[in-house]
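Written out below as structure tokens is the structure these notes cover.
Labels run A, B, C, D, E and F following the written order; every chain starts at residue 1.
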Amino acid sequence: MAGTPTFATPPGFLGITRQDPGAGFCIAGVPLDIGTTNRAGTRDGPAAIRRASRMLVDGVHPQHWTDPRNLDIADIGDFAIALGDIPASLALIEQQAAACAHIISLGGEHLVTLPLLRALARRGGGPVGLLHMDAHVDTWETNFGQSLAHGSVFFHAINEGLVDPKRMIQVGIRSPVDRETWDWTLAQGVTVVTAQEAHEATPAALAARVRGVLGAAPCYLSFDIDALDPAFAPGTGTPEVGGLATWQAQGLLRRLDGLAWAGMDLVEVSPAHDQAEITALAGATMAWEYLALLAKG
Amino acid sequence: MAGTPTFATPPGFLGITRQDPGAGFCIAGVPLDIGTTNRAGTRDGPAAIRRASRMLVDGVHPQHWTDPRNLDIADIGDFAIALGDIPASLALIEQQAAACAHIISLGGEHLVTLPLLRALARRGGGPVGLLHMDAHVDTWETNFGQSLAHGSVFFHAINEGLVDPKRMIQVGIRSPVDRETWDWTLAQGVTVVTAQEAHEATPAALAARVRGVLGAAPCYLSFDIDALDPAFAPGTGTPEVGGLATWQAQGLLRRLDGLAWAGMDLVEVSPAHDQAEITALAGATMAWEYLALLAKG
Amino acid sequence: MAGTPTFATPPGFLGITRQDPGAGFCIAGVPLDIGTTNRAGTRDGPAAIRRASRMLVDGVHPQHWTDPRNLDIADIGDFAIALGDIPASLALIEQQAAACAHIISLGGEHLVTLPLLRALARRGGGPVGLLHMDAHVDTWETNFGQSLAHGSVFFHAINEGLVDPKRMIQVGIRSPVDRETWDWTLAQGVTVVTAQEAHEATPAALAARVRGVLGAAPCYLSFDIDALDPAFAPGTGTPEVGGLATWQAQGLLRRLDGLAWAGMDLVEVSPAHDQAEITALAGATMAWEYLALLAKG
Amino acid sequence: MAGTPTFATPPGFLGITRQDPGAGFCIAGVPLDIGTTNRAGTRDGPAAIRRASRMLVDGVHPQHWTDPRNLDIADIGDFAIALGDIPASLALIEQQAAACAHIISLGGEHLVTLPLLRALARRGGGPVGLLHMDAHVDTWETNFGQSLAHGSVFFHAINEGLVDPKRMIQVGIRSPVDRETWDWTLAQGVTVVTAQEAHEATPAALAARVRGVLGAAPCYLSFDIDALDPAFAPGTGTPEVGGLATWQAQGLLRRLDGLAWAGMDLVEVSPAHDQAEITALAGATMAWEYLALLAKG
Amino acid sequence: MAGTPTFATPPGFLGITRQDPGAGFCIAGVPLDIGTTNRAGTRDGPAAIRRASRMLVDGVHPQHWTDPRNLDIADIGDFAIALGDIPASLALIEQQAAACAHIISLGGEHLVTLPLLRALARRGGGPVGLLHMDAHVDTWETNFGQSLAHGSVFFHAINEGLVDPKRMIQVGIRSPVDRETWDWTLAQGVTVVTAQEAHEATPAALAARVRGVLGAAPCYLSFDIDALDPAFAPGTGTPEVGGLATWQAQGLLRRLDGLAWAGMDLVEVSPAHDQAEITALAGATMAWEYLALLAKG
Amino acid sequence: MAGTPTFATPPGFLGITRQDPGAGFCIAGVPLDIGTTNRAGTRDGPAAIRRASRMLVDGVHPQHWTDPRNLDIADIGDFAIALGDIPASLALIEQQAAACAHIISLGGEHLVTLPLLRALARRGGGPVGLLHMDAHVDTWETNFGQSLAHGSVFFHAINEGLVDPKRMIQVGIRSPVDRETWDWTLAQGVTVVTAQEAHEATPAALAARVRGVLGAAPCYLSFDIDALDPAFAPGTGTPEVGGLATWQAQGLLRRLDGLAWAGMDLVEVSPAHDQAEITALAGATMAWEYLALLAKG
């Protein structure tokens, strides 16, 4: 802990001060939340996650011994969205994301993953593999009649060929779900690891399973904070009990180095429902774990 | 306090159990909140206001000696809306509202007033007078580019001829505002009473001014909970300090009997930001004051 | 602010360390709360009020220039009660209170005033005058069928001759109430000052009215924290909007020196619904104001 | 997620709208809380649990593939109780419960289990087996002198022959306890699984042990939310650290299908101490898990 | 409300992006809080106030019709301090402040005013007049033995000749205080307006009194957020009930244009004790009111 | 649960009423918190921990069958400190601690361990073994330039020979850390068990490892509440996700009987960030576990 304190790191994530989108890695907030089906409020997620990240700047990662701040990295601020308009917001997000080489985005609701993957596909080529941490499969065809909402993000991503469902694995799943949605998901080739299964496995075993599904081709991490139990992440909109502990998620992520990571999002942090910043800190930490993997190379 | 307690009144507002829209007065929740410009969460307002209204059933109104529950009244539940879709939601709200003779709606954000006034106009005829309790003028032409959002509700209502601006009075106004919006509002003939002016007047003087503006023709009460100071109503999305105390709002409303009231809305209660239900109770109480006026006749 | 800090005054109210009931003035907690009709939790009131009173020990009273700690005063701890048994608890409270010359009690719910007044009558003689600060008249004959509960305390106190209703004045009244209870109260001779009336009067005018009712004979202060508005006292079980500000209550109490005060209770502080101790501090301050009056003599 | 959203399921548990007690399964709230020994407030539990249950209606159970809403089931509202009077409340609860074939009750404090078991015995016959999830043995002879309170419920249930202690198993036990109460419990034949033992076993092993104790005869589930750790259930009155995670409780319950379940209660949820509804959601989920078992048959 | 929303203004106060100390007016955070005598936590004040200021950027000031963002103004971030070391921190603050022409500082505890006034004196010349909004006189000689702490700031400022006590006025005073400190303050020539006096005056009368004391020479505004009542500002360390409403403080400040303002501080906002950002917003608003005065010229 | 309830145990820890420092074991609060690097507020820890300990007096320890209250034990209150002055506070703490035979202290920040160990060394002789539960190694040479702060406590303790690093073991370590500090710690001979390692071991295995390091010579327990995960202990200043569950910490401590325990501290409980007292209760419980070990002998 060097330097003189101000109790205020610079306002970028991890105190990062570079702000141009030409960096190799770009942090971006995406404050869209109007496709949320239960409690609202994830528009305030990016600010809370950045603020909570001040806990993560006292040194380097204690297992990888890397420092995300040494990456070619910028925090480019929050993406502009269209107030109250989902289609226009998705277009705006995709357009802004397309300017970045590798995005680590801070949500916002889970629907933001769709334009991020679209931008990635536009830049990159074929569909990506996906590690999807979540309590929900998010492959509903609609959400109470709305096709573009946070429970349908991977229905679209798969149908649009953005994600290769054979290389997609979901970890932490436990919400009620209709049988048609469940069966459709499996029929696409998606691997589903329920929360109960995750609890009865070690992080090492989970990591092996994830590595087996993702393979060596480009892959993406979509981390919905509600993959964690509400005890660890109360500040979210659609909590489901029975979820993962933060140590389990960390134990899994730390074993996923060396993969062809192409992007990440951390979504569904809702500060109005948080307590003492613990959810925002959990979100910041998961993004920091991802960055530490990248820094390890 | 008669009967046997259950610590749970029936779930309708004030414990009202009648549910059919054929009643003379209909309570309706309107959980739309996606046109909100700052903190989200008013979709949970109707449930919180109904729950808080259990404090108001221990007797009759202590000044008017009337009981809203004796009106020809139903709580018809919450209106269906279209998830994540403002125009479709407005159409749905208008359609559902059109089935009711006289609506007391519980928001939701302020934009819901627009389809409620449209339905009222469709049922009723000419434009109504308006008592608008608020911290904001809500006559912006757009909200960050969005024409249909909670800061523009009365821009549209005036332009559509739903409200007669000569018979429209705003009380509690105090937010920052651009000069063009302010001047446009005054140019329409709207009477604006700032919060500072309201604090330096008595409720009786305010009531006299309101009666003078509203006149004897049909009129409507639109009560944004942020007319109250954040001390009295922390649970809202766009708080502004310097607002009214609840006793002032009650002192004003209680002096407005005998007018041609045609409907009311109570909007912008956001329970995730509330403390000990005080905002929800303030909202419930303002609706109860309105109903007590109606019961007085 | 002398001495060495510990950030912890001794645990007695105002840091008072004397604990024997032989003192001229006795602070006593009364953690009964099972006769509460809405939100529970005032059993934790005494501990919270004592803790909050640490803010009041940095000097003497800034208007009377007296220090309650210089009185012949003890904090005798909390009275024993009978878990889950109202009649047995009332008997216990009365018995313990009878050992004290002059009690300042910290509730607990309002029902505790009944055994305190019974003990006072037993020690003292005739009925006392009463200043009753409250949102509720508390003269219901029953509370949902329960005769001994917090809404009936003064029905019993008047009927038992513990209070002289001609010398009883209620300030802050504003809850819904049935007409029979209201009329009965007035018929006994009780003076009722509604919250709306109190807001439109100055503290000096209120004080004059109170002094006129109480006269020179022995009198008692029963302060229900819900006399204050929920903005100033969210931590209570039966909040009603439109209540007093703390400065108004202080402005009234400070003008009531020289009366024949015989006891006081501060009731209905419910810490689980409080925010940042503001309700507990309001309660502690009102008891401190009373003690400062006594110290002034 | 079908239909049009209102962000408000109907107010019954899981949105169930049937309300008559003639249903095969009846949800009932029991808002008694005056026999609580520490923090009060479980009277508000039923309303909070019902509200939180809106998270559980997006599909069917993801392991049993059953939907509790397809049972012959009603939510009959909250039972009437006698304010401030334990014996009268117990009589009322027993009387109301006796009208139902199979009750799933939402507390309220743990004492409510006693009249529920009395009603069950009256309807049914011999004593039942019991799965008792709790941090406390609840077999104290008295609670600070009070025989009828939440720490004595199973002292009475065993002594009255309502429960067969040889077929009774307690899971999650960890509070301080006097040796006499502990020894008495074991001497009756009760099986006690401490929280430390539960943490070191798998849910499957726990389930096997529970099935061994309960056998094939009629049995009952009494789930005190404080069986869970305060991290997972802060909203309760007598928290004890070191408790179960929600996933462990779910892992156990899901393996208990095919038993002769005769009733369930979920008790001790205290909303005033909750954060972001996580305790209420945990309670709702445990009741949903029980119903999903019943639906599986 | 123009432009495209991001729900995130730039992180500077009022979204100000200029950061160099060469601006005519400099916003600076001062996160010192170790001289606090009761609840800690004002080190987090600057970040919370900046975040809350996003509510103040939707337009211009609705009475002065000025926009603080049009001033020659920068937000230069937070001053460095010396962790756990009061004298070293004061030296650092003074040194950093000396580089600025006119500082508007966001605390932090009230002690930070001392080095700010020292820097001002060093730059400017003679002692300044002072408008001191506070619940406490802050002229104690020591705080529990500590000479440099938040209750002694003006004891030092007067003794060091930084403030002219004849041109110093305190508004909102109400805490307990020892008589020696009170008498010393008056003996210096300081004008004290208690909270009770302020409540019984109009803002216009208060403003006239303040203008009379300050005169035309250079003056400074030191605004301790606890001048406001805890209902309006719960998030502070040494709350005292009976304080000002936000509208009163605004009504006073708005009438103080045209004075020779030389600097301002807004101190004692403690976010951990805040609710829904209302204290942070009150603090941000008072700074915005000051800036709007400056912009009016 | 015997006796008559008051809902208020005496204010000492576990209701202990003896207060003289001549007892064999002394509970002492140490409200120092000015060397904290992130969120402030542990000065309020001792009061909150004592209050929360009321949950631990309903019986004896359910595994050791011992009762800490039967020890030769006193709660001597809070140590005096020097406001805003770290060196003077350390001297005061050391001096007061030196009067006690065996201290169990309640913090306060982690720096308080330094003067406690100094006092212990002064009384006792050679360096002690140390079980250090924490998220942080706390062996930084400085904290943002401050040598005496909570991240440097064991840098000093080792350098001063107060602790034998060969007999020192840290459990729960997981924060970011610079490589130099990490390497220095290991080079001294300290055993570090990361949180990830702790999660993958059983409490029995951890206990064996701890016993191996501590040996039979005098040893000390320093328990920083942030060893626990923020889900279990949100109320602390420097939370790090991925930490221990309370059951794990209890499972470890319960297996450490028979060692030569010479003192304990429980530090870093910050009540302003707590929820429903769960952190304070976790802290109280860990101290109670330690005392129960001592009582077992």
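Criterion: contacts are C-beta pairs under 8 Å (C-beta built on N, C-alpha and C of every residue); 3 or more make two chains touch, one makes a residue touch a chain.
The structure displayed is predicted, hence computed values, not measured ones.
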With chain C removed from consideration, the chain sets that still hold together: one piece
Centre-of-Cα separation between chain C and chain A, whole angstrom: 54
Cα-centroid distance, chain A relative to chain D, in whole angstrom: 36
Euclidean distance of C-alpha centroids - chain A vs chain B, Å: 39
Multi-partner residues of chain B (each touching 2 or more other chains): 4-5, 7, 37, 43-44, 82-83, 143-146, 229, 231-232, 245, 273, 275
Overall pattern in which the protein chains touch one another (line/ring/star/complete/other): other
Chain pairs in mutual contact under the definition given at the outset: A-B, A-D, A-E, A-F, B-C, B-D, B-E, C-D, C-E, C-F, D-F, E-F
Chain C-facing residues of chain D, complex: 33-35, 37, 39-41, 43-44, 82-86, 143-146, 148-149, 272-273
Complex contacts: residues of chain E adjacent to chain A: 4-8, 10-11, 29, 31, 43-44, 46-47, 51, 77-83, 92
Chain C residues touching chain B - in the complex, by the definition given at the top: 37-38, 140, 142-146, 151, 173-179, 181-182, 194-196, 199-200, 229-232, 234-235, 238-243, 245, 273-275
For the chain B and chain C complex, residues of the former touching the latter: 1-5, 7, 54-63, 65, 202-203, 229, 231-232, 245-248, 250-251, 254, 275-278, 281-282, 285
